[in-house]
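Each of the next two complexes has chain A plus one other chain: chain B in the first, chain C in the second.
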Partner chain A sequence: MLNLLGIDNPLELAVIIVGSFILAPVFGMLYRGIDRKLVARMQGRIGPPIIQPFRDIRKLLMKENIIPDGAIQWLFTAAPFIALIASALLLLYIPLFGRGALLGGTGDAILVLYLLIIPSLAFVLGGFASSSPYATVGAQREMVLMMSYEFPLAVVIVTLASRIGLVTNANPFMLATIAANPIWNLVGPLGIVGALILVFTLIVVTIGEAAKVPFDIAEAETEIAGGLLVEYSGRNLSLFYLADIIKAFAMVSLVVALFFPYNLSPLVGIGIPVLAGIVDGLFFLIKVFVVMFLSITLIRTAMARFKISQVSYIYIIAMTLIALVGSILIGIDLLVF
Partner chain B sequence: MSLKAFKRALWVYHLNTGSCNGCDIEILAVLTPRYDVERFGIRLVGTPRHADVLLVTGPVIKQMVPRVKRIYAQTPDPKVVMVIGNCGSEGGVFYESYNLAGPIDQIIPVTVYVPGCPPRPEAIIEGVAKAWVKLEQLEQQGVL
Partner chain C sequence: MTVGETRKATYTIPIGPIHPALKEPVRLDLTIDGEEVVGVDVALGHVHRGIEWLGMHRNNPIQSLYLAERICGICNVCHPFAFAMAVEQAAGITPPERAEYIRTIIAEMERIHSHLLWAGVAAHEIGFDTIFYLAWRVREDIMDVMEYVTGNRITKGMFQIGGVRRDITAEQLPRIRQSLEYYKSIFGQLKRVFLDDRTIRMRTKNVGILKREDALKLLTCGPTGRASGVAKDVRQDQAYAAYADLDIKAITPDILTGTVVGDVYDRIIVRLLEVKQSIEIIEQCIEKMPSGPILAQPKTAALLNALTKAEGEGIGRAEAPRGEVIHYVRLEAGRETVSTWKVRAPTYTNLMAMPTLLIGGQIADVPIAFASIDPCFSCTNRAVIVDRKTNKKFLLTDKELRELSIEKTRKLKC
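After this line comes the complex of A and B, so read on.
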């Protein structure tokens, strides 16, 4: 069993399991609270306490759980569970807290790409199953959004893997391989510019993945009354709420794993394993916070929602072109140096 | 059941039953940086399914009666109904008009009345505090 996972130290295994099943959701919720607090601060408000997401979930759990008459009952009830389980699965394949992923030996970045789709699909299923016109419109928008950001995301990952594949024999799509050969060490100045462009693309994709302003067309409270989740209440809503939080955390961790896989402990020379683990874990939290602040909090405060036609245009045309420019720069860098 | 989590995470849904829009603007004022009710965990939501509190404004014109009842039924329990404004509480400037079915408490049970035409944002926040007191009483009686 242990060998299957590629981790031979039971303590290490325990740490990773605790990290992905307990710490990640808890910090995901805390970060959501910090995000709300920071947005409020930037708008000149005081804002909710940082533990507000925990209160929200506890409150939702004590509310009545209504299933509308017109809904497809089994699908309506199953969708929140699928969303939560699929988001939790993501955490098993993405390296967290400076350690390897629990199932990192068996799944690569392509698998993560596919897993990222499933929670959104569950949101869409729930939306269609609830038989409300608002939810149906929201579900259609979510599908359009999903199809739009897939392309730039794929360009980023393929570029990264193809560049890393040149310097190593290991499978370049494995997140562990990407972590062992950070892109910044491989390329010259031109390539660094290209990689920065790819980081920018990935950050814009993260906003869409997390369904936040300016890409929150599927929820759009002011237009379609909460969109996808319009008919959900009580426990089912809390599951979606949690799935959304975990997915955002996983997506940001993926950005960190792809582009910033550095650990602090080798740099400052901490040798004791436990101490190094703690330092790396904290450093990971800081990296996640920075990416989350840049991609979600800051942009959410600064911008308003795009129109639906603009969203697909931005992803399919603009962001894909920008990502291609990045990968071409990395390619030229290879020829020149 | 934890009343504290419930009290400090109220999501409100705003229902206009034919008001002059004065009270509705005051409700929005409560959400602005100056009054910022999000610091109490209060959030404006777009659908009654997510709501804990219904903020009802207006004197309830006849055509709104089935809608008000339906939205009340769509809100999951436990829930609180707050009437904002004179005209929802007892008719106000529309008193005894030919097209009214209200005031609101003749159609759905009301927890808190906030009088004023329109009430000041501070009064609306005080109304929420009154709702907390009411919830505490309900908890002591073992209803909640």
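After this line comes the complex of A and C, so read on.
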């Protein structure tokens, strides 16, 4: 069994399991708290304490779990579980804390792409099942949003994999392969510009995946009163809340895994495994924080919410074109150098 | 359904009476096709408080003045302003000139605070919370000045029939000037934030368009009408208080952009420029303010006595931050209360434009288009018709209302 996972050392396995299922959600929540605090400071508010997300979940778990009369009961209750399980599965396939992913040997970036859709689908199911007009509108919007950002996201991953596939015989879609051959080491100056454009695309997609302003159309408080989640309360809402946090953390980790897979310990020459693990883990947290700050925190402070037509336009036309420009630049770079 | 006929799958979304986009209870029934709004019905009557009835049956006119102040929390100057003018006209009282200037200054302070408050709400409606906090933080300064001058941030109790209750003294002027300077210094920044920001433009340009013809037909007033190119402003057309001494021009968006579109963006322009205009008006008022008494009749008992004896009717018109507010008052000799009191707040007419504003837009446009007329429902709710036997509320159609009006006019004639 252990060999199937490709890891021989039970201690390391234990470390990765703890990292995936305990540390990742905990840091996800901590980062959500930091995000809220930073946004508040930038808006001139004091903001909630950093541990507020933990308190929110505790509070939600104590509250009554209401299922509306008109709802499809089993689907309404199942949706939060599906969302949370799918989000947690993501953590198995994405390298975290500078280590390989737990099931990294069995699933590649394409699988991650599909897994990323499932939590959103669960949100949509829950929305439609709750029989509220606001939730229905929210669910429709979430579907449009999902279909919109998949395309630029796919362009980014395919470009990256096809470029890396040229230099290695391993499956280029494996996140471990991508980590072993960082794109920045393979390309010349033109390719670096292209890769930067791809990073930008991925960051914009991350905001959509995390459903934050300006792409929070599915929840849009002032328009559809919370949209998808309007009928959810208590335990079910806390599951969605947790799923949302884990998905955002996983998405940001994916950006890190695709473009910034560097570890600190080989660079500074730390040989002791435990110490190296701690250093790499902290370095990973810093990388995640920087990406999260740039993609989620900063942009949601500085923008207004888009309309659904504008969101589709931005992702399907503008961001896809930008991503294609990035991949063409990488292609030209290959021909020139 | 016959062949070739298609049925649109529309559904209804209720916005309100309680909804995050609304600051006051009202219900909008939106008929939606996909994301497009195809039908709008506005249902009022959620905040009916019987204020006119209280004024006509329980309170004496001076008490009603403070009740008028509480018709709306934000327009807490223009309502007593219009009411005081109406009673003064009915009773033949002329307020002293200095009082007129103080009234004007307070009214313009109210306009600055109200427009900034609106700017924050509008930003929140499009999900731009940073601007919401910024606008409300900027608004705090004028709130502080109002508290400094009148003693209160919101309901100021500044008005009295025949004048004002508190003077603006010479030592208060530097603080007022300091605040005006502050607003002048940040005006460029505010303009940049609201008019040049890309996402704000994306969300407000060509949204909630009200054409000039429609604006005239639907009797829109205030900034909503002016943004559609109807250059009407009570301060300009029927100058009251100190406005007659000042040079006031109704602000239309073409001053800045050269064209009138009548969309939400134009309404932002009008309100922003009006903030600047208000600053200039206050400055002029401070400069020109004559000395003298601030009350025509300082003794309240004597004033009440005179009002009880007075007979006549009066109309007070004031330009509220949202548009024209009208108070009609009739006094009968020997009656302690006013015998008739009718309030018409600006939202009452501006609300008629709502279907025109919303139909054809998306659901996402509804909050900002709705907020763009700066609606105020506590002012607007006028009457609820209840069948006493069955306790059921119902509405009158325009036909029934017209017949009732004709009947009433006949009764008045005989």
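Quick notes on this one:
One rule holds in what follows: the second predicted complex is superposed on the first by the 337 of 337 C-alpha atoms of A that agree within 3 Å, B and C clash if a C-alpha of one lies under 4 Å from a C-alpha of the other, contacts with A are read in each partner's own complex, and residues count from 1 in each chain.
Definition applied: contacts are C-beta pairs under 8 Å (C-beta built on N, C-alpha and C of every residue); 3 or more make two chains touch, one makes a residue touch a chain.
What you see is a predicted model, and the numbers here were worked out from it, not measured in a lab.
In the superposition on chain A, A:Phe306 makes contact with chain C only, not with chain B.
In the superposition on chain A, A:Pro214 makes contact with chain C only, while chain B stays out of contact range.
Of the two partner chains, chain B and chain C are each touched by A:Gln43. In the superposed model, A:Val137 lies in contact with chain C only, and not with chain B.
Once the two complexes are overlaid on the shared chain, A:Gln52 sits against chain B while remaining clear of chain C. Looking at the shared chain after the overlay, A:Glu64 reaches chain B, while chain C stays out of its contact range.
The intersection of chain A residues touching chain B with those touching chain C, taken from the two complexes, comprises 43-45, 134, 221-222, 224-226.
If you check the complex, the residues on chain C that touch chain A are 11-14, 19-21, 32, 34-35, 123-131, 133-134, 137, 197, 199-200, 202-203, 362-367.
Every residue of chain A that touches chain C in the complex is listed here, in rising order: 42-45, 133-134, 136-137, 140-141, 213-214, 216-217, 220-226, 301-310. Chain contact summary for the complex, chain B toward chain A: residues 1-2, 4-6, 8-9, 33, 36, 38-41, 45-47, 49-50, 52, 74, 76-78. On chain A, the positions that touch chain B within their shared complex are 36, 40, 43-49, 52, 54-56, 58-59, 62-66, 134, 221-222, 224-226, 229-234, 237.
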